[in-house]
Amino acid sequence: MAAKSATKAKTASQKSKSNTEAYLRMYRQMVRIRAFEDNANQLYLSAKMPGLTHMYSGQEAVAVGICEALEDTDYITSTHRGHGHCVAKGAEFRQMFCELLGKEEGYCRGKGGSMHIADQSHGNLGANAIVGGSTGIATGAALSAKYLKTGAVAVCFFGDGATAQGLLYEAMNMASLWKLPVIYACENNGYSEYTKTDEIAAGSLTERAKGFGMEAFTVDGQDVLAVNELTQELVARCRKGEGPFFVELQTYRYHGHHVGDINRTYYRSKEEEAEWKDKRDPIVNFGTWLTGQKIVTADDLAAIDAEVKADAKAAVDYALEAKYPDASEVTMHVYAEAS
Amino acid sequence: MAAKSATKAKTASQKSKSNTEAYLRMYRQMVRIRAFEDNANQLYLSAKMPGLTHMYSGQEAVAVGICEALEDTDYITSTHRGHGHCVAKGAEFRQMFCELLGKEEGYCRGKGGSMHIADQSHGNLGANAIVGGSTGIATGAALSAKYLKTGAVAVCFFGDGATAQGLLYEAMNMASLWKLPVIYACENNGYSEYTKTDEIAAGSLTERAKGFGMEAFTVDGQDVLAVNELTQELVARCRKGEGPFFVELQTYRYHGHHVGDINRTYYRSKEEEAEWKDKRDPIVNFGTWLTGQKIVTADDLAAIDAEVKADAKAAVDYALEAKYPDASEVTMHVYAEAS
Amino acid sequence: MRQITLSQAVNEAIAEEMRRDPKIFLIGEDVAEAGTPFKVLSGLVEEFGTERVIDTPISEPGFMGMAVGAAMTGSRPIVDLMFGDFLFLVMDQLCNQAAKTHYMSGGKLKVPLVLRTNLGATRRSAAQHSQSLHALVAHIPGLKVALPSSAYEAKGLLKTAIRDDNPVVIFEDKLMYNDKAPVPEEEYLLPFGQAAVLREGRDVTLVATSSMVQVCQKAAELLETQGISAEVIDPRTIVPLDEDTIVGSAKKTGRAVVVDEGHQSYGVTAEIAARIADKAFYHLDAPVQRIGAMDVPVPFSPALEDLTVPTPETVAERAQQLCKGEI
Amino acid sequence: MRQITLSQAVNEAIAEEMRRDPKIFLIGEDVAEAGTPFKVLSGLVEEFGTERVIDTPISEPGFMGMAVGAAMTGSRPIVDLMFGDFLFLVMDQLCNQAAKTHYMSGGKLKVPLVLRTNLGATRRSAAQHSQSLHALVAHIPGLKVALPSSAYEAKGLLKTAIRDDNPVVIFEDKLMYNDKAPVPEEEYLLPFGQAAVLREGRDVTLVATSSMVQVCQKAAELLETQGISAEVIDPRTIVPLDEDTIVGSAKKTGRAVVVDEGHQSYGVTAEIAARIADKAFYHLDAPVQRIGAMDVPVPFSPALEDLTVPTPETVAERAQQLCKGEI
């Protein structure tokens, strides 16, 4: 479980066991994401959820490894596949499920839904349904942090597919020129919709970033400790004015592009899926490492799993019963009132 | 006078004198561009030209070196600073001056003007007033050439400033993925408007292109032979399916950003301007080389200069007298008629 | 007559035209093997190969620009823009380049391309995947804009668009992809600038575009039960716009309601209503009414989203008020 | 009262607001030392430094997006977009992001930013540097749109825009930068959604935006010589639109001409004319007239360009016909 990056981060096994609390929080957060997605998927399959949604399952170590290196006052921007980022940055199940179901108690009063879920109380500036659409926003949040001298760092999450959007390079150029505290976190899960990454990306993603004068790293996105360690280092450097940085995180999405994408053998094989799920699952592997290092017992982990599952179920039940926003809300919030 | 590029082009002095005709054509074309611009500038200063215009003077070796390596059936896209490209690709003075003055006999019947001058008979798909706006168009022309199997190559001219437009990277990515016959010719004249290139471009322009999987070159844009040699090689390779390529041409604009930009010491020094004009003038240096190599005499060159000057003067006089389009033209050409 | 879905109609139109003219190619995201997320293009790559059915990276400005360049140089691209909301990404290449090139070049360069995209809310897709943005492109001279309202129009208008030598933007209603309608086996084209009178009536004219045509036909049925005879007109293309048919109908009935799924303010209903109010002024018994989508970003919540778009009931109610002299 | 140019008015508005609120910064191309190509911002970088007056690369989508992110996180950016024509490049960030964020977040996130840009033809700048594209942004809920028509409005509206907690797009008429008008020394703000009645009249209402205000005031003078009394109304902001004042005037005069420099079709004149025709229906003596720019890309040739925009003469002529019952 080591970062494949140019950085000299220590491997996880070299680390002391003193970080038990942090480890358990990471484990729990990954389990929470998985549980959230399992429930969201069920809601879709049982026709209880309006619209479509994109599952984050499989990529948990990315969101958690990164967000655990951030403070609430740091910013993230998220994507159409954004539940994982939202959970990892500190959101609660209840408001999240309410949002997915279009209920008034949702983070966005039901107006945003899965693709626009935001949680500004924890610095999540929102999911985005425009691929690459948040790259400018994250960079602007970093500009703001620098301008207002808040010390905050911004992480821009985006997929391999989003690297085809020119906006990213415009933003990276300015971030690099102005040394903004922003980390471009490219979650390379091998696909954009139904297309393999090498069919849509020429050259090398990290070399591109370097061409814009930025240090760039590649890290195993299934290894939460490697991700976390690298991010901690980069966040610290960002705060010292040494940003921006680009990180390519190699990961995999377990489900289809969206919940409705069931028959997908025409673009990727069952064997490939099995390979990742069986051998590279970020939660299983981290659990194995935790028990192997005797940091916790298998029972401890099972208890976390059970607790999280119950939480998720309770939140779903709550959300299903919660009320929809009143009809009068439809014209509210088009414009902010003078404050 | 050697290419500073990674290519192994022979230096000009190693070449035989057998290319006299080609050399003289290049010399003449550079002189024609300079003469065109001198006249255009005069038209502006004497308030005979509507609007503004951007002078190409100083950059002649770029347009000529490149276009002399192309056929009429090859395509170029041009920029707001486009007179040089237009002349180099084969356009006539008369129709050009008519266009600059908004006359009916202009290449675009006066509807385009300086910033939109196009000459589709020689494959010039047009100047463009949106910085970077033609990068997709040139790449599309290359796609078309490949798709229709015409064997044509497209050259996309753009400035250092245009490298800040994300569209360029989207287009380069697709060109690279699909091996399109396109050459991205970046005329780095050190400035975009009133700003130095290093204030607006992080990293390295050629490294960026390489990050997109493209071979990239840097060449002295004041050395017409170096530019021409490199382009010949790249055009030939494009025709063999080995494109795309990126070329950074180091050059300088003698005038202000546009004809009205007279007091410019606040962003660049008189010394710097003098340095380029006195030591690196593409026409003077090429003339010196031609006479030094005994390819022609100074008198031969003077004769060309005089002839071109007379041509330009005659074309200006003609254009000044030429008639404006009829009022009825205003609603013509909004839509193409069924053919 | 056989019935096919709008999706099949689009597919047939493209296949027929691609067979006819080898200069045509398709370009967009996941258009090949995947046949688009809506599966509208399924089967085309199998027939025409990946040279003519080109999967792109997620680079809307880029492939839009490339289509412009390809169209200028002898090809005839059909661009697939997955959601109408992504129009905002391609506006520069569409409106500053494609739309103006023919004019700016004094008629020398042509840009024969089709931009296929969609419109329509109520799919619970929220604010960035639900917009109906046809008014924006209709405002730009040099573009033609077609709004098919059924499989029949979708096929006939798309074939006309593909043969047009200008950039044409065609918006399909994404909720209608699986709706069937009678479509002839034989080839046919529908001319631009000719509205269809879908239902004749005496009391009120309902002008409806795209998704709103069905809404207005249902409204007309409701009105009939109330003894009100509504004429339903589908302009089919909003650029060019068949003003004569629309104004003629309004003159006849003396009342008009214009219904469109774009936002109401500064949208399509404004243009059509303004023209009727002007040209039929002396024949109108009541003010021309407009019903567009609410001027709000499309909310996700089903409880809110459905409120934002015109329904048969809201249209019928307004028409009724109009006919009763209540407005 | 002292007279200053529109350019100075804009400069003063920004300087005053930047002194008041340290969260405000300026961002755009060549805004610092160069003070923009129009020299509107000269002197600001000297006072506020390069941290608050930020020169960008030529990356309109990029810095627009950054402004959105900055506005969401406590800053209040003023974005300088050198030409209104470049709006097409920033539409996604402006319309899909800035305009919708407050709504999509259920009111939790705010995007207090100002996008300053311009409009207007007849500068011989051809099709890509001459457009008046305010209708496009007016169609998008979540954006406010201001159209100052003199130095006075420019200062007052811009200050209001800067203090607004929403994204505001403000269009200056680039031909007016050197035009002087009386501007108080004391601070003042002009409220959004309040039209100005610039001239009272009895016979016809001229509704004019931005550059067309001067045109209509001259038209009103021409009309006066013909014994026609024209009321001239400047809406100042088209979102929000002061419908009451406009409709009220049309009710009083019974006739209205709406004049705007955007393309006529699917443009601003349509919305305003449609509202007047609806709300003043029973008071109108003649159909509401619209005069926009021609539906053609702006041609370069002076011989053609001047034909494309409304002039005092064309407006006066139309108003006269209207008053004479010839329409």
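A, B, C and D are the chain letters, set down in written order, and residue numbers restart from 1 in every chain.
We take it that a contact is a pair of C-beta atoms (placed from the backbone, for glycine too) under 8 Å apart; a residue touches a chain by one contact, two chains touch by 3 or more.
The structure presented is a predicted model; accordingly, all values stated were derived computationally and were not measured.
Enquirer: Applying the document's contact definition, name the chain pair with more C-beta pairs in contact, B-C or B-D.
Expert: It is B-C, judged by the count of C-beta pairs in contact.
Enquirer: Could you work out which chain's C-alpha centre is the most distant one from the centre of subunit C?
Expert: Of all chains, B has its centre farthest from that of subunit C.
Enquirer: In whole angstrom, how far does the Cα centroid of subunit A sit from the Cα centroid of subunit B?
Expert: Using C-alpha averages as centres, the distance is 46 Å.
Enquirer: How many angstrom lie between the CA centroids of subunit B and subunit C, rounded to a whole number?
Expert: Inter-chain centre distance comes to 41 Å.
Enquirer: Please work out the Cα centroid separation of subunit A and subunit C, and write it as a whole number of Å.
Expert: 37
Enquirer: At least two other chains touched by the same residue of subunit B: list those residues.
Expert: Subunit B, residues with two or more chain partners: 108-112, 116, 128, 130, 133, 164-167, 170, 173, 177, 199-201, 334.
Enquirer: Among all residues of subunit C, which ones touch two or more of the remaining chains?
Expert: 56-57, 59, 61-62, 85-86, 89, 92, 96, 103-104, 126-128, 141-142, 294-297, 299-300
Enquirer: Going by the contact rule set out above, which residues of subunit A touch subunit B in the complex?
Expert: Within the complex, subunit A contacts subunit B at residues 164-170, 172-174, 176-177, 199-204, 207-214.
Enquirer: Help me check something: in the complex, which residues belonging to subunit C touch subunit D?
Expert: Those residues of subunit C that touch subunit D are 85-89, 91-92, 94-96, 99-100, 103-104, 126-128, 135-136, 138-142, 238-239, 241, 262-263, 265-271, 273-274, 277-279, 281-282, 284, 286-290, 294-297, 299-300.
Enquirer: State the interface residues of subunit C toward subunit A in the complex, per the touch definition above.
Expert: 29-30, 33-34, 37, 55-59, 61-62, 85-86, 89, 123-129, 294-297, 299-304, 307-308
Enquirer: Once bound in the complex, which stretches of subunit D touch subunit A?
Expert: It comes out as residues 23, 25, 51-52, 56-57, 59, 61-75, 77, 92-93, 96-97, 101-110, 112, 141-142, 144, 163-166.
Enquirer: With touch defined as at the start, can you tell me which subunit A residues reach subunit D in the complex?
Expert: Of all residues in subunit A, those touching subunit D are 75, 77, 106-112, 116, 118, 120, 125-126, 128, 130, 133-145, 147-148, 150, 152, 154, 166-167, 170-171, 173-174, 177, 332-339.
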